[in-house]
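In what comes next, chain A is part of two complexes: it sits with chain B in the first one and with chain C in the second one.
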Partner chain A sequence: MMLTTKVRRKAVPAGFAAGALALALTGCAGAGGGGGGTEEGGTVELTLATVNNPQMKDMEELKSAFEEDHPDIKVNFIQMEENDLRDAVTKDVATNGGQYDIVTVGSYEVPIWAENGWLADLTQDLESDAEYDVDDLFEPVRDALTLDDSLYAVPFYGESSMLMYNKELFDEAGLTMPDRPTWQQVADYARQLDSDTVDGICLRGKPGWGEVFAPLTTVVQTFGGTWFDESWDAQVDSPEFTEAVQFYVDLVKDAGEADPVSTGFTECLNNVSQGRSAMWVDATVAAGLLEDPESSDVAGKMGYAHAPVVETEESGWLWSWNLAVPETTQNREAAVEFVKWATSKEYHELVGNELGWSRVPPGARNSTYEIGEYQEAAAAFAPITRDIMLAVNPEQPGVAPQPWTGIQYVTIPEFQDLGNQVSQDLADVFAGRSELGPVLERAQRLAQEAGDAQK
Partner chain B sequence: MTTSRLRGSLVTAVTWVLVLAFFFPVAWMVFTAFKPESQAATMPPTFAPDFTLDRFETVFSRNMLPYLINSLSASLGSTLLVLALAVPAAYALSIRPIVNVRDALFFFISTRFMPVAASIIPVYLLLQSVGGLDNVTWLTILYIGVNLPIAVWMMRSFLAEVPRELIEAAQLDGARLGTEIFRVVLPIVLPGVAAAGLICFIFAWNEFFLANLLTAQVARTTPPFLTSFVDGRGQFLSVLSAASTVAIVPVVAAGWIAQKQLVRGLAMGAIK
Partner chain C sequence: MTTLTSTPTTRRLGRPAAPAAKPARPRGLAVSRALLWPALATSIVLTQIPFVVTIYYSLQNWNLLRPGDRDFAGLDNYATVLRDGSFLSSLGSTVLITGSSVLLSTLLGLLFAVLLDRSFTGQGAARTLMITPFLVMPAAAALVWKWSILESTTGMANWALGLVGIPPVAWNTDVPIVTIILVLTWQYTPFAMLILLAGLQAQTKDVLEAAAVDGAGAVRTFLAITLPHLRQYVEISVLLASIMLLQVFDPVAIMTRGTGGTKTLSYLLYERAFVGLQVGEAAAYGVMTVLITIVVATVALRTLFKVFSKEGLGR
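What follows is the complex of A and B.
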């Protein structure tokens, strides 16, 4: 009897309520904003998938200016972590999903996706608009986004890499950094400056083709090495490649951060901005963050030099986050309109006036560097950033010619996997669990498989 | 006597160490959420930072509510439907066993053998063909499929503990199947239902892989939203901690509510 009473109170209503509530809760598409590609009352809603970098957040903040000028277009932003974005957008464009009208694509993917027919050719749209001034976009960046003379994406912001150093620590040690140092000089300085409280240098060691292999590939290239020769034969076990990687590993072990395997851009940024690393070779965009007194203890104390070299004139990388329009969009015209607005001179002026001149997206347009207010706000790093970005050569960054366009990556689909696998093995070398020789032997085999696929 | 007291103290100490080891990362995350970004990753860590609510302001300025609602819809909806299906299914696999119980049980669990990554492309294409992408209802249906085997197995083990004499007594009193399930058995295994429900809810709430790949805007849930705070070119630890702190509140609340039932559920053997 007791049981029956209990049941009446609890179990039966719970059973019915469960089903009813579940159906009620799920009987809708979702709580988010309107979906991309839908039209409501004549308004086109665009869905833009992007990484969550500061420049992209600024774009979202300012999109209302575009929407005011274009009352028939609404832009919804979806921000994702870099790798999640790659997964989500690759899957969407590869299967004609059509979930996104505008996507942020890295310069590595643009030529590959363009070749697959996934991205709309924007050449006509951009060249026919004189006001847009497509020739003002940095040429090396534009080259990296061009396939068969067609432009498939436009840079929203671009970066190279350079050497950033703590002038205070250098002064204390009586050292002077040349404007164009060599890797040997940098290594010597790092070993001299390294102490119990300060690391001589911070270099990425985190596994990932876009992590450790971004700076490391530039080191390999300036040491005279390359991933592949002109015939797509792998060169990973060549003496130059081996020497470069050994140099990098030794430098990090001797004078670098304590835990290289978990150190990427953000970790080095933390170390350097707290005065715990004397030098850092990484993205030029870091300078803006190091010079921000709100988040950095070393603002005003940093010096900037070209990325260290050995056998080449320059050793900076080239990367840009670009806006592209997938072929699958139902709103091509509106999407192109937004892409043009977000990469225009007018937008750069808007960012400067509304959010501050130091927040203007760098590395995309020549004209940005001619704006007086920008020159003043970014005086510490803008001139050198521009010099490096115009000087690097993505057609041949190393000593020997290469069959792809790109500096810190190989523009083939297989490179992501190749770079990831080799960098995982390299993590064992950093941790002292493996020797470099066998790691590069395996890497050579993997690279040859990737190279053979291109022949 | 002394040895057993010592052993007792040792067990208590080890338990506390384990509890703190599990709780510390969560506590540190909540603590970090109140730090300015520049003090979030200092070495040595800052224990007396300039406390600020700015990061929470950033999180809510990104309009987190729709993502929380989507997560709640998919998690609660799938959990309730899973339980509604799992209880009768488990009943037919334990108390009134069908033929080939072992095969049926194996079939249920075999659906979990293949990694979800291996099936994502067919699932994606199927959803695309029925217009089910970026849709919470379809996400809920997928979560039901993913969690049902676990719930069936859990419920089966709970139901197997119900004394047969009790059911026989009810049958002798003239109880029919419905009465037998809902009025006799279910109240006894209610703690088990709570345990299975909470596990399904947590799994669905935390699910990232499917949510990231099958939703874009309308149906996006909280886990993929959280990773959007990871900034490839900046500091993000505080804001990510703040967003994660907000995101764990519903799960903590669900755990709190189910706590009493859950403890009984995890110690179901006691009903013998």
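What follows is the complex of A and C.
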């Protein structure tokens, strides 16, 4: 008898959870319904749908400063997961709902959404305002958000990738890292530094188009490979692509982390910040986390260099989280006003003064890197981050011209799926369950299907 | 409806012999039937409309990021599902993972149930501790296993293996299926244990005493008397655990990401819908899964009823 009650007791919270989930879901769908309406007193209420990243939470914390300056505008934040956000905006635009006045969109999706006619063209609004200084936004980032010479979103913060290395371990081994290393050098160092207690290098191996294929695509490009040629023919089984992937897999197997399939950004951050990896090629924003003495054992011991190259000049990737205004909004003017405020120089000053200089959104504005306090707070990595952000070329990151704008991804709707499937097959290569050849043959087939859809 | 209220099944379930059981007054019956309609209508709306919508979606060619290209696709999505091969391999993975986890959970559950059935000091505390894994949320459990136990350099599992001289294992990369089965077994052993313990406690002591008087040893008593008695409890626990485990998603999403043969049907569906953004194709996978589930469930439910009816006859 007692046992049955125990089983029941388990069942009740489960039911509750299901109910709560259902409520949360309907709540999500219903929330924001008030947005787009104009209140009696002439106050405009804006609804901003955003991904739940820390920088976005900072923005919410500081929105009162905007509201004080604009007493007739109120901004409501709705935080969502990336997938929910896409779903919500898709539905809103498809049904002409006008629920959202501002949305955050990743740089991969901006051109796709713009192509679908979901986003308002902001070129005029931004260029006409001299004070806003649109040219101060990093040019490569702007390029990635531009479709047919029109700018459809503004970067809130951005990042590239670079090589981070543990200077202590390098000194012990008597090695010096050049400012612009080649992959061959990095591989040699990694194999020399690899020991029982320290991995030579940490590189993402976790399946996913935005996980392993972020660094791996940049490696492919600098080895001279690409996903597609100019006429959208897949190039995945080309010798350059194969060589690059083989190089990456071998390097991880010989001198990388033990469990590549588990290893993504967070796991590498963990390894490097505990001094268990000598090198790491990943997002520039990682530097800020590695230099934070509270969470990292290697603060002050890290060196930074440009992402390793083979045949190209630069090999950093390019990512930004951006603010955009959906075509369907009823409050376009007020929305643009807020977007401009949140991406202005003034906002960066505000974050620095209110929340601390290390929390200023990086990688969006050139002028941010000229602020004395920011230079001080981010001395170790700010100059190199700026150099890389200015140097990468999202229009042609590889050796040959490509028909899309973007570095570590292909800006087509099919790429998420393609990258995901290929990366899952790569896990078998990491584990030694299959050879690279057949995996890339299948990848070539999948890529060709995706390429044919663009023709 | 009619069959439900008039077949002998209801009587066998032991409803008290109230006037309602006698179909003497057809008018009263009509009223009670009418009273059922709102509930029936609600359940039809809640369960069947989403299914019909899913079928409709499965006939559409619809990528979330290409809203302009949405059109009627006929059976193309089903052709893709059958041609692609990932459905069959996913079905295989699901059966393998569910089967092994259920088998191991039941065996371990039996062992722990027998141990916990003895009276000893701290029995209550031990029982509570044993049940805990089942109460942990699946996602939380997967995270604990990923970061604390199976982490390849700092995890407890590799540390323990190191003590006996076994080199560290890269769990998620090298043995993904084992990893998933390990986590699921850990989680569902308490479930099997609970049901089997209930079975053990329902066993009358007279029989065991009689066996002892007749000179049967502990092993013989267990094999010849306890185990047959537990049969129906084992059946229920296997059935319920299978139903729950068929939907497993969390550890796959958190630990192995569907690699190395761990792509279960629910993870495959998630991928088609949220990574592939192919709403039509995902819906077709969903419909296929429902069809197979209906077949399996029909067989399984028959077994379940057989178990229940046997129990009813035995008493």
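As a convention for this text, the second predicted complex is superposed on the first by the 392 of 455 C-alpha atoms of A that agree within 3 Å, B and C clash if a C-alpha of one lies under 4 Å from a C-alpha of the other, contacts with A are read in each partner's own complex, and residues count from 1 in each chain.
Here, a contact is a pair of C-beta atoms (placed from the backbone, for glycine too) under 8 Å apart; a residue touches a chain by one contact, two chains touch by 3 or more.
Since the model is a prediction, treat every value here as computed from it, not as a measurement.
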Chain B versus chain C as contact partner of A:Thr218, first or second or both or neither: neither
Which of chain B and chain C A:Ser315 touches, first, second, both or neither: neither
Partner chain(s) touched by A:Arg276 [first = chain B, second = chain C, both, neither]: both
Per-residue contact with chain A, leading partner among chain C and chain B: B
Partner chain in contact with A:Gly208 - chain B first, chain C second, else both or neither: second
Touching partner for A:Thr90 - first (chain B), second (chain C), both, neither: second
Chain B versus chain C as contact partner of A:Gln79, first or second or both or neither: first
Partner chain(s) touched by A:Asp259 [first = chain B, second = chain C, both, neither]: second
Overlap of the chain B and chain C footprints on chain A, listed as residue numbers: 3-4, 6-7, 10, 87, 271, 276
Chain B contact footprint on chain A (complex, rising order): 3-4, 6-8, 10-12, 15, 18-19, 21-23, 25-36, 47, 49, 51-54, 76, 78-82, 84, 87-88, 91-92, 95-97, 99-100, 265-267, 269-271, 273-274, 276, 283, 285-286, 289, 294-297
Residue numbers on chain C that touch chain A, as the complex places them: 63-68, 131, 134-135, 146, 151-153, 168, 170-174, 176, 194, 197-198, 201, 255-260, 263, 271, 274-278
Residue ranges of chain A touching chain C (in the complex, touch as defined): 3-4, 6-7, 10, 83, 86-87, 90, 93-94, 109, 112, 116, 205-209, 257-262, 271, 276, 413-414, 416-417, 420, 424, 427-428, 430-433
Of all residues in chain B, those that touch chain A in their complex: 37-38, 41-43, 65-67, 69-70, 72-74, 76-81, 83-84, 87, 120-121, 124-125, 128, 133-137, 140, 182-184, 186-187, 190, 212-213, 215-220, 224, 227-236
